[in-house]
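Both complexes shown next keep chain A, but they swap its partner, so chain B is in the first and chain C is in the second.
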Partner chain A sequence: MLELDAVTVRFGGLTALSDISFHIKKGEILGLVGPNGAGKTTLFNSISGLVKARGRITFNGTDVTGLPLHKRARAGIGRTFQIPQPMHHLSVRENLAVAQVFGAGRHDENRIDEILAVMELSHKADADAANALALQELKRLEIAKALATEPKLLLLDEVLAGLESNAKRSFMMKLKELHKLFGLTIVIVEHDIETISGLCTRAVVLNFGQLIADGSPTEVFNNPAVVESYTGTAHA
Partner chain B sequence: MSVTSPATSAPVASSRFQGRGALLGAGLVILALLPLLTGASPYMLGLLISALILSGLALSWALLGNLGGMVSFGHAAFFGVGSYASALLAAKLGVPVLLAIPLGGVVATLSSIAMLPALRLSGPYFALAILAYAQIFRILATELDWLTGGAAGLQRYPGLPTLFGIDLADRAGSYVVVLACVVLFAVVYVLLRKSHVGTALRAIAESEDATRVVGVNATLLKSWMLFLSAFIAGVFGALNAHIIGFLEPDYAFSGVWSVMPIIAAVFGGYRSVLGPIFGAVVIYLFDQVIAKSLIPVGHQILLGIVLAIMVLLAPNGLAGLVRRFFTKGQFNKTSEKSHAGA
Partner chain C sequence: MTDLILQALFSGVLIGGVYALVALGLALAFGAMRIINLAHGELVLLAAYMAYLVESRTGLDPYWAIPLALVVVMAVSWALFVLVDKIKDHRELNSLILTFAIGIILTNAILLIFASDMRSTSSAFLQDAVSFGDLFAMRGEIIAFVLSVVLMGVLWWWLKSSWYGRAVRAVSSNRNAARLMGINPARIETVSFLVAGALASFAGVALYTMSVVQPATGHALTVKAFIITVLAGVGSIPGVFLGAVLLGVTEALTVTLASSALQELAGMVLFLLVLFLLPNGLFGARARRG
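Presenting the complex of A and B:
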């Protein structure tokens, strides 16, 4: 479904991603792992079109490397931001309506209600503005917005961060439910090994902008290079 | 639900405020009655016409700021292009004035195409680019003297015609024409803001990446708003040209047409539709009637002071004050949903 071929991103002298190649199969839940600054968010940015990348990105058979952000969204690439970026002055419902009308090309209030219910935001739907939400609500709004665009591929950037372990476990169930309910392919950035093992069938590890491992969670987390990249960082 | 409006400086937008339509209607009725309320002297009518021209310009400026987040320091360009285009079309090609005026708006829109590259610039850079751009047109109007009459200006071109037996060129007639245009564009603005396109544009103003990533072509929507804003400014420039009957580059492209709409819109409350309209009326009348009599030379300084006081005391301007007055003590939801105002 998504194919990365030698994707490289440089910021001035810094190579944030170097020669990244792998592909994601339809229906997969892929964990994207790596220490802070490894390039995970940058990878999402290059897939969704927020930063320009060299190399080639193919989505469902079409080359999207040169496509602007909004066209990739319409093609079915949905994403969340690590630091939530709601449409601040719009209500939660308006956030979803804009995402649906422009991202999915149709307006369907029932569908919006459905998404609000799944993401447990119904009670906040028409309250003031999105910027009045609490952080965890904003994170759920990030996902809800992305779902409203009716994506085929959903990129989740540390949506579980900051949750205590019970909440984390129930949110994992939620993600599995979304995966099934909306027929999604998911890439999720997450530091917690247990979460990745419980949620993903496969994990890809980045370190200093390079892909250092790709395989089942068990394989990957037993890989010496991965262990080494994590020791000395706070997330191991 | 809390009782009072939260006093945030970032107003909350909502498209479902029931009373908004009524407020808008009431505001427009007040505008229609203003000439009578102020005694209908020709002098006062003349001032009110100029005030409403400024209302239209302020509306056009605020629309660009609210729907797309573009701050313009150069609306004089669109105003001036509209005025020259309409006057020249009527004078040289014999185009009927009532057709030349919207065509003036069209030419102003065309002139804004040159601004499109600046849309990619962020806030302050866009503002500076459009400021520089406005100067280019003043120079063009001066240098192309075979067409524009150069620095000496343009005088012999038709004024507003007589329509259905009503002389639009007399002051009462002109007032009605200008008011009708203000109402027309206010309604267009309200409808646009309520639409999905308008909702997306409100979001672009604060969170451009967040809107693009859900499929909004922000650049395209912003260019439409630039075109619409330029059109509106051009139409009011054209109206003004045909009402006052002379044009010269230093007047038509004066920085006043860039600065006054900003002062008027901010004073009135630029996030609302009625704010810029009434802000312009109050600011213009204050400047011409009160400030001028107090300080004949340099009276504009008082505008600066008044604006500073307003911004400090009521960041949402006149519109915010009016809303606060009407929603005070009301135990209902509308009070906190009314920030975007009518």
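Presenting the complex of A and C:
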């Protein structure tokens, strides 16, 4: 579904991503892991089109490397931000409706109701997105907006950050439900090993902008290079 | 004395309606692109001179100039957008310099073509007095006020109910989030500038029917629009209307109770008072939260 070929991002003299190459299969839930500053969000920015990257990004057989962000969204690449970014002057329902009309090219209120229901936001549908939602609800709205664009690939940037353990477990269940219900391919940036192990079928680890491991969660978390990148010491 | 004050309040409300129309164009372009169009007053002035042109050449009522004003002003507004869109770095700051320069060019072009004389409508119909009890207004003032209120209603509906209007609000709220929803911000910004140009067209023609215009008027209109936007706080059409009425009333009371020489100063004092006491504007606190 998504193929990255020698993706490189430089900010002035700093190389944020260096020759990243891997592919994501349809239906996978892939965990993108790495310490702070590893390049995870930059990789999301490259795939979604927020930053320009060298190399090649192919999505469903089409080279999207040169496409602007809004065209990638229309092509089926959905994305959330670590800090929720609702469209403040719109209600929760309008956030979804605008995303659906411009992202998916159609307006279907039943589908919006379905997304609101599955994301447990029906009771806040007509509330002001900026002022009436708590953090967890804002995170759910962030995912709901992306779902409204009818993505094939969903990039989730630390959606579980800041949640206590019970909320985190419940959110993980929700993500599994979404994966099944909407037939999604998901890439999730997450620090928590337990979450990645419980949720993902595969994990890719970045460190200092380089890909250092790719495999099942068990394999990568036992990889000495990964352990060293997290602890600064070699694996015993 | 009470009669004079009531008359000043009435006149202030009527001119405030047109000021609101001027300010909404500025606020719309600011909301979509985060740039302050310092040539917006000159766009309004251009429309006013289109009204003068049609009236003086054909003898028709100035309101017949609206189609011509729409074509000319929206074309200039679009060209202005194209130039602003070419700015890649520090757009907020560089666009101030660019639009200020375009304003000067437009003022001087108008000066060159139409000379520096003051112009106002010669339509007897529009200059006729209409009475509301003890209060009086020119028919042109009443028509301009009604037109402004109707257009504000149309703009409110467009922003609230149309997909492009919602997209303008989305881009205004969060440009990158809007792009991730599949919205092309360049298209939305173009639409915003065209709508701002349309509002300037109506405002300019309305202004010509109720007031005098001269080439220097454009800059003063931009300043008024800026003051109203600050008074209102960004993001509220009713706020812009109330801010505009407040400015209109303040100016009218200053002229009645003090001197017409202090009219512009009164607006600036009001502007500074709001900046000091209510930096989010009179109605903008909720819109800016988050």
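Everything that follows uses one rule, which is that the second predicted complex is superposed on the first by the 227 of 236 C-alpha atoms of A that agree within 3 Å, B and C clash if a C-alpha of one lies under 4 Å from a C-alpha of the other, contacts with A are read in each partner's own complex, and residues count from 1 in each chain.
As a convention for this text, contacts are C-beta pairs under 8 Å (C-beta built on N, C-alpha and C of every residue); 3 or more make two chains touch, one makes a residue touch a chain.
Please read all numbers here as calculations on a predicted model, not as lab measurements.
Visitor: Which term applies to chain B and chain C once both are placed on chain A by superposition, clash or fit?
Guide: On the superposed model, which is not a single observed complex, chain B and chain C clash.
Visitor: A:145 in the overlay: touching chain B, chain C, both, or neither? Say first, second, both or neither.
Guide: both
Visitor: With the two structures laid over each other on chain A, which partner does A:25 touch: chain B (first), chain C (second), both, or neither?
Guide: Neither: A:25 stays clear of chain B and chain C.
Visitor: On the A-aligned overlay, A:88 touches which partner chain: chain B = first, chain C = second, or both, or neither?
Guide: In the superposed model, A:88 contacts both chain B and chain C.
Visitor: Using the superposition on A, tell me which residues of chain A are in contact with chain B and, in the other complex, with chain C.
Guide: Residues common to the chain A contacts of chain C and of chain B are 48, 50, 68-70, 73-74, 78-79, 81, 85-90, 94-95, 97-99, 101-104, 131, 145-146, 148-149, listed in rising order.
Visitor: Taking the complex as given, what residues does chain A use to touch chain C?
Guide: Residues of chain A touching chain C: 48, 50, 68-70, 73-74, 78-79, 81, 85-90, 94-95, 97-99, 101-105, 130-131, 145-146, 148-149.
Visitor: Using the touch definition from the top, list the residues of chain C that touch chain A in their complex.
Guide: Residue positions touching the partner: 163, 166-167, 169-170, 172-174, 176-185, 235, 286-287, 289-290.
Visitor: Which chain B residues qualify as touching chain A in the complex?
Guide: Spelled out, the residues of chain B in touch with chain A are 6, 10-16, 196, 199-200, 202-203, 205-207, 209-218, 336-337.
Visitor: Give every residue of chain A touching chain B within the complex, in rising order.
Guide: By the definition above, chain A touches chain B via 48, 50, 68-70, 73-74, 78-79, 81, 85-91, 94-95, 97-99, 101-104, 107, 126, 128-129, 131-132, 145-146, 148-149.
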